[in-house]
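What follows is a set of structures for review.
Each of the next two complexes has chain A plus one other chain: chain B in the first, chain C in the second.
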Partner chain A sequence: MTVAVLDAHEVRIGRRQAVDQARALARRSVVGTLRQPQVWLPGLLFPMFIATVNTSTMGKAVHIPGFPPVDSLLDFLLPASITQSVLFGGLTAGSDTALDIQTGFFDRLLASPVSRTSILVGRLAGASVTGALQAVVFMVVYGIFGVRIAAGPAGAVLLIVFAMVLALVIGGFAAMLALRTGSAEAVQNVFPVTFIGLFISSAFFPTELMTGVYRSIARRNPITWMVDGMRHQVIVGLDWSEAATSLAVAAVLAVLAMFGANRALQSRLRRAT
Partner chain B sequence: MTGVATQVRRARNTSWLPVSFALAQRSLIGVLRIPAAVIPLIAMPIFFVVAFSGSFSRLSSLPSFPTDNVLNWFVPFAILQGSAFAGFGTGFATVRDIETGFYDRLLLAPGSRVGLLVGPVLASLVRATFTVAVVLLFGAALGADLPGGVVGLIALWAAGLGIALISTGWALGLVFRVPNQRAGPILQIGIFFSTFLSTGNVPLADQTGWVQHVARVNPLTNILAMARQGFLGEVTWRGTWPGLVAIALSSVVLWLFAVTGIRKLTP
Partner chain C sequence: MNVVGGHPIEAEGLVRRFGDLVAVDGVDLVVEEGEIFGFLGPNGAGKSTLVRMLTTLLRPTAGRARVAGYDVVEQAGAVRRSIGVALQDAAIDPLMTGRELLRLQAVLHGIARAEADERGDVLLERVGLRGAADRRVGTYSGGMRRRLDLALSLVHEPTVLFLDEPTTGLDPTSRLALWEEVRRLNDEGTTVFLTTQYLEEADELAGRIAIIDGGKIVREGQPRALKEAVGAHTLVVTVPVAQDGAAADVLLRFGEPRAAKAGSVAIGLAGGPAELSGALRALEDAGITVEHVELDAPSLDDVFAEATGRRLEGAESDEPAVEVSG
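Moving on, here comes the complex of A and B:
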């Protein structure tokens, strides 16, 4: 027996059906991304290139007093690279939502008996799975170049979970923007903002070695809280308290992002009827 | 028929200067009319100054770092990046003209093709001068100083103009071959790679591995050294001529790229 769900668009869907639809849409999202290397490849190569260049140009910075104890700058940069990649990938998910609107696929979904919530959940679940894949790729590639996660397999799992939640954050905000504007270009314009947010954080350099106003802004940046917690697992060892802080910040932001995206969806549905 | 051809040839041979000025003026008015065009010229370099000097302030404690004031290292770097964006701006404007069909009308007109190349250069040089002035003032307000004085300022300005000249050649050569918005990412990747694989962040002596080897032969390393002289001490001929040579050689290569590109564009 299935329970009928009445959503905002008066579509009666069984709960199991809604889950199946969300799963199918998530699969479509992941497969759609994987089929377009021009979409996901820059998100992997760009952070790797930056990490490689920074390791070569600023590798000696790890000897500056106050720098966290690491064998190589690459150890320090692993969580930053994952964060950077997931942020870019999440924006792609938002752009895809906008493209669905621009190409009319979104309207076709609305015309079909698909749970409205599944449309959003499917897209975000797809972004989350893509985020997990990105984290695995970075851990494997950086592992080949000598990076070892001090927290062991548990630390690796924590990094994957972190990447999945972070993908919900950026994917949620990007989907909200896509649903509000219906423009892929508007979503892509967020890129500089994420770049600035990433730069004014501890992603590429420890806040302990920053000075003045910049340091105080970086210390208050949620990206710093998230990256530092995960970095602890990579360079120091397993610490549940640090991990919980990092994941809690990401989870709160994810809830806010999904709430915003859901409201944008409801608003678009109202306009569509 | 022969008379018309002669007239067209004569027009092409005589009128490139007014055409260049007119196109440069049009390009500069375009910047004023599209506020977003100012972002790469001013906002991006200013962000780079703030972000690099804020994030990497302690790099100045590296053994080979030539200054205690990290702003003296990063302000010229940001200015050269802004100057490169000045060149790209004219490239993007040319793409817009090609897509809207305006460029076809320019190609059909009996004016000199030289003007179609010189005009964007003049516009880029003015844009780059604007970037040099504004970002330098911003850097000075944050605490950058110029012990090299007026000569240091001239070296910086010359380096900025050189980068604008080179980047315009690269941008035009590319958009003549890829005459649509897809040229944008390729343009940016060019400057992205050349700036990261140079002495943008730290001196050569503090670099390691393959990046150090690439940075050593990257022309931008010499141009950066020329631009930074006045911020790090006195300007010398020894610190200037490699930058001038790098500008000259890069300009020749990339302007050949542009000239052969416009020939491909015209039947």
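Moving on, here comes the complex of A and C:
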């Protein structure tokens, strides 16, 4: 009986320590990202640049029949910019993991009694927090230029939650690749693929106005399902059904990505040991 | 020091293969409590592979090892809680400050924040980094990184400390400072397992050493005993080239010939330093002009050469160990 009680106590301590370890590693991840403006600044400026160019050159597209009802193209692009920025930033979670492997910091972690899962959870939690910060920056900056979220504060919170889950998706897939290859370059090479995925979706243009194969692909693209649900909160108003669809798609992808990343971690640990 | 039964480090028939390559080939090892054990060998000899197995980073292909009383495979978690590890190349996150990394390391070992901060301050003071504690590690010199690496490995007050080539690439001053710290730690009772490719480092620090070559331990013992076992001091006499044959004839009366550069004659001085004056007098009596004299005590390089037929000295880069000439 005593042994059982001690075991349970030890398990509780182990769990608490694993949470503390994951939190400390998440903090390292966020601090490390924030201390590298060269890493996060392009992820903010590039989507803003694209939104600026699109708004200037295609601003009148909002008057095309069938275009969702918006005051300005910038309203339409807010969820796209957040998605683009988070896709870019989420890859950092993978490339930083690969760098830890390349520099030997990963070995330092493994030589300590850290929970192996905490290494991964910490990294992805850090990416998720960074995603939330990115969403806030876009809402503030676009807000200065007149974008109002129709769903109000609840819509803003939904956009932040969406950004956090999306960061888990891309961060998880990037971490999986990093753990499989141990190469930061391999992770960075995924960037163009995510970009193609973003452009063949409703992120920058409504699928209703697309034609042919492009439209067919875009309608099946999970990015479309995620972005449309969030866009609804920005340009129409609070709609839990739309939000749930968007977040559910992101959540399923996040679970798949984290499962894959965990498999890759276990595989790396087996290879190493 | 609280090792759970037995010795701080014990290995029995430890083997690690990578495909066809046998990196560590049946290593038996016992490290006594409270000693600095030097593990010496050229690059690629198997030093780091052995350390990675002992620190649970690599599973042995065969054999078994216990560290701090725990099996490195079956009780890897307990081993990790008991050891401090400073691996080769001081892998430290350059974006974090020294203090932040010490806090992180403390959390990884389950140390509470207040205690972690207190220990961190003590360790920063100890390794002379208090003034740089809040600077990012990326601004540290190589010596500062190594010292921080050492502090990180001590956060949880380990019973056994693994230092994998801790001074590689350091300038002489930083190297001496690190040696001093390792000695101090050992004086306080920490068992230190030190791998190095620097003979002088092993000689200075280690109470016992093992020499590994081709994955096998080829010599093990106290440095002094190993050097004495190699044999006599080496007498090297430089003479005019025309007289080196005659000089060799004279000196062979005092000991066995040894490899030497052209223009020099070297012998193992069988009677030790006491026979030096006699040998020089004999050269003078034979009318040989002595230009330079050296009397070298046996070194660990001689031990290595005697064991492997190659020299370690001068083979500190990635080049293969130097063949003994002559």
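Here, the second predicted complex is superposed on the first by the 260 of 273 C-alpha atoms of A that agree within 3 Å, B and C clash if a C-alpha of one lies under 4 Å from a C-alpha of the other, contacts with A are read in each partner's own complex, and residues count from 1 in each chain.
The criterion applied here is as follows: a contact is a pair of C-beta atoms (placed from the backbone, for glycine too) under 8 Å apart; a residue touches a chain by one contact, two chains touch by 3 or more.
Keep in mind it's a predicted model, so treat the numbers as computed, not measured.
Of the two partner chains placed by superposition, only chain B is touched by A:59; chain C is not. Residue contacts after overlaying the shared chain place A:35 against chain C, while chain B stays out of touching range. When the two complexes are overlaid on their common chain A, residue A:21 makes contact with chain C while staying clear of chain B. After overlaying the two complexes on the shared chain, residue contacts for A:214 are found with chain B alone; chain C is out of touch. Once the two complexes are overlaid on the shared chain, A:109 sits against chain C while remaining clear of chain B.
Comparing which residues of chain A touch chain B with which touch chain C, the overlap is empty. Residues of chain C touching chain A in their complex: 55-59, 77, 80-81, 83, 85, 87-89, 91-93, 95-96, 100, 103-105, 107-110, 136, 152.
For chain A in complex with chain C, the residues that touch the partner chain are 13, 17, 20-21, 24-25, 28, 31-32, 35-36, 103-105, 107-114, 272-273. Those residues of chain A lying in contact with chain B across their complex are 49-50, 52-61, 64, 66, 196, 199-200, 204-205, 209-212, 214-215, 218.
On the chain B side of its complex with chain A, the touching residues are 47, 50-51, 53-59, 61-63, 196-197, 201-202, 206-212, 215.
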